[in-house]
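One structure is given below, encoded as structure tokens.
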Amino acid sequence: MYCYAPMEYFIELTFSGLTRGSIYALIALGYTMVYGIIGLINFAHGEIYMIGAFTALIASSVLTYLGLPLPAILILAALAAIIWSAAYGYTMEKIAYRPLRDAPRLSPLISAIGMSIFLQNYVQLAQTADYLPFPALIPEFDFLEPYAGIVGSTDLVILVVSALGMIGLMLLIKYTRTGKAMRATAQDKKMALLLGINVDRIISITFIIGSGLAALGGVLIASHIGQINLYIGFIAGIKAFTAAVLGGIGSIPGAVLGSYILGLTEAFATGYVSSDYEDVFAFSLLVLILIFRPAGLLGKATIEKV
Amino acid sequence: GEPIKIGVAGAHSGDLASYGLPTLKAAQLIVKDINANGGINGSEIELLIEDEACKPEIATSTATKLVSSGVKVVIGHICSGATKAALPIYRDAKVIAISPSATTPDLTQSGDYPNFYRTIGSDAVQARYVVDFTLHTLKAKKIAVIHDKADYGKGLAEYALKFIKDSGEAKVVLFEGVTQGAPDYSAIVQKIKRFRADAVIFGGYHPEASKIVSRMRQKRLSIPFISDDGVKDDTFIKVAGKYAEGVYATGPADVSQSPIGIEYREKFKQSEGKEPGAFFDNAVTATLALTNAIAKAGSTDPKAVATALHNEEVDTPFGKIKFDDKGDPIGIGFSIYQVQEGKYVQVQ
Amino acid sequence: MEPLLSVEDLTMDFGGIRALDQVNLRIHPGEIVALIGPNGAGKTTFFNCLTGMYTPTGGTILLNHQGKGGKRINGLKPNKVTELGLARTFQNIRLFSNMSVLENVMIGRHCRTRSKIFGAIFRDPATLREEEDIIGISFALLERIGLADQANTFAKNLPYGAQRRLEIARALATEPTLLLLDEPAAGMNPQETLELNELIFSIKDDGLSILLIEHDMKMVMALSDHIFVMDYGRKIAEGTPDEVRYNPAVIKAYLGEEDVRA
Amino acid sequence: MLEIKNIDVFYGNIQALHGVSLRVNQGEIITLIGANGAGKSTTLMAISGIVPPRSGSILFEGRDISAMAADEIFKLGLCQVPEGRHIFPELTVTENLDMGAFLRRDSKGIAQDLEYIYQLFPILAKRRHQPGGNLSGGEQQMLAISRALMSRPRLLLLDEPSMGLAPLITKQIFDIIRTINQEQHTTIFLVEQNANLALQTAHRGYVLENGRVVMQDQAAELLSNTAIQKAYLGI
Amino acid sequence: MLTAKDVRQALLIGLWFMFLTFPLLVIKVNTIEDTIIWRWNNMFIIGGVCFVATLALRSGRRLLVQKKQEDASLKNSRLSSRIRTHLHHKMVYLPLLSLVLLFFILFPTQFSTYQTTIMTTALMYVVLGLGLNIVVGVAGLLDLGYVAFYAVGAYSYALLNLHFGLGFWTVLPVAGLLAALFGVLLGFPVLRLRGDYLAIVTLGFGEIIRMVLENWSEFSHGPSGISNIPRPGLFGLDLSLNQSIIYTYYLMMLMVAFTIFVVNRLQNSRIGRAWFALREDDIACQAMGIDKTRTKLTAFALGAFWAGMAGVFFAAQNTYVSPKSFTFLESAIILCVVVLGGMGSIIGIILGALILILLPEYLRAISDYRMLVFGATLVLMMIFRPQGIISTVRRTYTLKR
């Protein structure tokens, strides 16, 4: 029965794992940024991603109706998704999280859960609960044809974009003034204020960047899967969150690493064991890693100074 | 006289509303006609509508609510899980329930719910069609059976597995569930390739089906894909686009030529401005069968209604039907369809 | 007399930094011993190693537990160390800020009491008695530090100096034989420091030994029987207050010129 | 330079300051002393715009800053070293210092100041690549003051700079406070528990009790005031 | 009251929301039928609503601030604290308590069986909330997978009944203990984890349990669930559906009373204090001689215990269990009960459960908007009362001599 070359199979699985991982990574980056700066598990982040996908769908439908060429549609739709998701992220932070900045730790979490429920139902009422086909915006690359069995064009685009996203973010955080201000704000808000950093603005920027990235993810992933509905955000959100924690929440490279590991685990679990339990594998891996590295793979496991 | 109360329970909100709402509409359309013609034996029909969003724990409380408001007959529920949760309550209250869409074989076959009827073939029947088609028409020898881990899909897949094994004509090389809502199914597709399956039977709904089929075709895996009723939906064709071409799915026998079917479809289109979705014909059938039985029985007395359901044939979109002693419909069968040039075409 | 605590060659590394380098120290019963040294010398780290917060990289810590000779306590969990009779306060106050002042002290009784879930639910006589004892002892300690009338306010609402004293009371509630105080006078004004001195003397009179980290030299000189001086993780001097005060190495590293004259 | 007029400050419903008024003249070292919880830190927080006063006004060089945002106030040249240091624990020592110069854009000047700081506090130079959170208490205090100096403030607010510092360092820090005041003409507003030292360093002083200013005078006068001696100097 | 600035601000906010909601609310696409519908009126409705709401909010806030300033001199003038001091008065709370009790006792006689079922469910959430409160509210361990223990309880009853014919009363304690055992099992690996790392692991644990129930058909009957679970028995009497529902309701009430009694005693005991301390500062806690490991494990076990028992009630009430009922959303709602009610406050959690479970029920009238309103309510409640409906009051002690 096992006449299929094992090595080839392994490579195929690796690619499908990487694709999944990249998908998680695009969402996990936003999760980790927001967590890093205000210590909030932003359960509504998945919804922002979903809104991004919907906005792109709406934009592309309208643009198609207007008769624009495909590349233009892709770019404009992605742009619209990014702009509006960022706007939603920004507004959400202002309404639901900012008033709770000094509240007990769990209050913003509940607010986030509420926001997530609200946004899901908002989209359902404004649009539909049904699955909607999402047009294939990413063209098929001819040069990939010989490798079609292994990797497709959307896979490749997603892989590249998530890698670029991570590198861009890391550069931003390490070297720009905004990045520095973000790190300072993340560690001590009061002191950042005392050093003349506009903390509110920095937090807003974080939400805007995180949401924009999620929207970009939304466009790419939706066009990879070919359909969207209002629950895509929730499921992907949980996975992305898991990935972010796996890598060490708050750490940007950690989020990407965690996503790849999670994606690969799921692919190999499916490939070599059974997809019945792929999520069980994913979560067990998480527990296992956290037992040995309680702050995630790249999280700083410092001894707390007493 | 006193209005006759009929409960209508199902998913009218949430993500499964697209299955529940057509049912509700069908009942409303028919009842409107009946009431316009003076009701049943002079009594108007009153519909009590309950939404349970296909959630079992809500279904039990809505069932209780219907029972406590004096309902004796219910059209519903939509999902098998919710139906299963509600049925004991109906049974204990001696309420008759008739579902247009709950297909779990147990519901009728176990004999636990003598008060339950349905106007749709059970999963076992459907699985039989799927397997027979795959084995005899497609002549597949190595079959991958995939499902979506949910009630309906997994149940169907398990029956398919059993029938294939029993037939001894082919081997099941892979039997697995995929996670609903996962963003990417490449890994399972690679696995199907690896086991050199020459056909895939999928139990589940169209979102997963379209994702799997698209992935298969993108990975240049062109073996036949045979699925069920949950996939025989135009949305599937839209979503999967060119990859849908050639996919097989079972579905209730074609009723597009039946005058009753056409009548209610037209009415639906007039009032809603779109094509009725899944299970609409089944719901029309259920409502017609139930109101007919009440009329014949002369009351909503459960015994009398049951006798009428078992014995009195009624004209429906599916032709003349009645119910066997377990509550399954006699006269409603399945057909096999294939997507050809963007449309489902009956092939068997 | 046998020492209560003897530390031999204690070493602690953090990554590349050696925070403690083969430190030796002895405390005899009933002594007040001070540990001084410049900022970053490793004093708090020393405390953390003693109390099980950190596991030392090398060396031995022997505690004479109830006269049964030296028991090695390196690497024990902090709660075990506390049970053996070492209690501490923290340099950065770590009270249970949203619990009442009294409850903070009652927590200190935890390791000296036994009641379990069964007792909690059924409130059998033994549990009730134990609970009353806890309250009684805790109140007594509060009276001693002058906070009895604030017993039911949140710890976080206390003034800073009071919080420091509360930390001491909480540590005393664990019935230690050795009390470790990490800069108890920090943030207090000179007047409050004087009051603190009184408290520490009275604790000594109860027969406890005290190991004290403090930068307020007036206080250190007034209280201690013996002083250890550390710099860069090493012990650079030890002796009586007067010996240390005039030790040139100590003056250079820590005291500065003026204090010699003072 | 700075004039506080009759401010009331609240935490929720609790009033921490009752009609506090005080002024700081250009070039002065001013100290505010008082018992624990008197409201000294609150006064500084009100000036920095972290806890805005509910009534009254705060004038900085004639401008009312009482309703301004903290970062705006900072831009005017007011920098605070808060109680408890507030080092960014995961930034290295150098990065922490950089944050002090966050709004400055003269990289040359910044580099010079950095050198100057490292001369002032050699231990910081040694630890420059360590995360700030791992420093000892005293090291952190030095870092906090240095970080504030990196912003070249015109008015420096210091909240208990001597807390937890070794005698030698305390002396150093007070020397440096005087140096900054004399050489760089930075005006300094000093809040201190160690009233002795504070009054020896400052030109003038205010005494705060339960959120009210109860006394103000030349530092030397306060030092010799018997009531003050009894209450705050432990004599 | 309102200045020109307010109006300008409100206008800006109105415009912003018109922009924000433009794609989703104005354009409706259906890529199945290839239709695009433009709904321009939505845009103006949103703009108008936001404008008016902003103005209302601003004037409201201004009024409130003024009032606050007037009250500021009076300490304890806040309504909640005033209520609380009154509540502590025996003359007030005893009659009040009896009134509330009377209401609950008479409930099934005054309302339909349907209402009774809903109330039973709400009471179930009271127990769940109180259980989770031990873990989250008291011990400060954020558990996002609490529903796992609920599932363990429900399936214990379903399976033990199916295979061994064990009855409700036998299984009730067994399920509690089984859930507690799972609590310890979960507790062990996560002991070293702090804060949100704990949250994700518990979330994962909850999902694992659900997925095992879904996939391991031989054991759990898979996604189709287990039906025909008997309702609680009453000395072998034959109860009609109505009677049995009312009977279950009263049992649930007893269960709630029992839970309140035990949880209250636990909170105010040596163990309870240790849990609180652990929440406040776990390092200081260890330095005070508290065994962190053991304290955490007892919190997990005792929290899970109640979920297990509530699970048995759930299975018995619905006579049906399936993995679908134990999703993450359920955990989230229980967590909302705890936080919304006020962590650590028993009365708060009871109120929280009643509000959160009854609210969606009574919002059925506006069925389409119900979950929308529910989500918005969560956000608003948190904004206006971040510490929950009733914030924790620590017990005060007096010295008996």
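Annotations
Chains: A, B, C, D and E, in written order; residue numbering restarts at 1 for each.
The working rule: contacts are C-beta pairs under 8 Å (C-beta built on N, C-alpha and C of every residue); 3 or more make two chains touch, one makes a residue touch a chain.
Keep in mind that what you see is a predicted model, and the values were worked out from it rather than measured.
Chain centres computed from CA atoms place B at the largest separation from chain C. Nearest to the common centre of all protein CA atoms is the CA centroid of chain E.
The mean-CA centres of chain C and chain E are about 42 angstrom from one another, to the nearest whole unit.
Rounded to a whole number, the gap between the C-alpha centres of chain A and chain E is 28 angstrom. Look at where the CA atoms of chain B average out and do the same for chain C: the two points lie 73 Å apart. Mean C-alpha position of chain A lies 48 Å from that of chain C.
Multi-chain contact residues of chain E, defined as those touching 2 or more other chains: 31-32, 215, 283, 368.
Those residues of chain C in touch with two or more other chains are numbered 14, 44, 53, 90-91, 94.
Of all residues in chain A, those that touch two or more other chains are 130, 132-133, 276, 279, 306.
Only residues 1-4, 9, 12-13, 15-17, 19-20, 23, 129-133, 136, 148-150, 152, 155, 221, 224-227, 229-232, 235-236, 266-268, 270-271, 274-276, 278-279 of chain A touch chain B when the two sit together in their complex.
Against chain E, the residues of chain B that register as touching in their complex are 12-13, 51, 55-57, 60-61, 64-65, 67-69, 80-81, 84-85, 87-89, 92-93, 104, 106, 112, 149-151, 154-155, 158, 177, 234-235, 238, 274. Interface residues of chain D, counted against chain C in their complex, comprise 33, 35-37, 84, 123, 130, 134-139, 141-142, 160, 163-171, 193-196, 230-235.
Residues of chain B that touch chain A in their complex: 14-15, 17-18, 149, 173, 176-179, 181-184, 186-191, 193-196, 206-207, 210-211, 214, 218-220, 235, 238-241. Of all residues in chain E, only 16, 19-25, 27-32, 36, 136, 142, 189-190, 192-194, 196-197, 199-201, 203-205, 207-208, 211-212, 215, 283, 328, 332, 335-336, 339-340, 343, 368-369, 371-372, 374-379, 382-383, 386-387 touch chain A in the complex they form.
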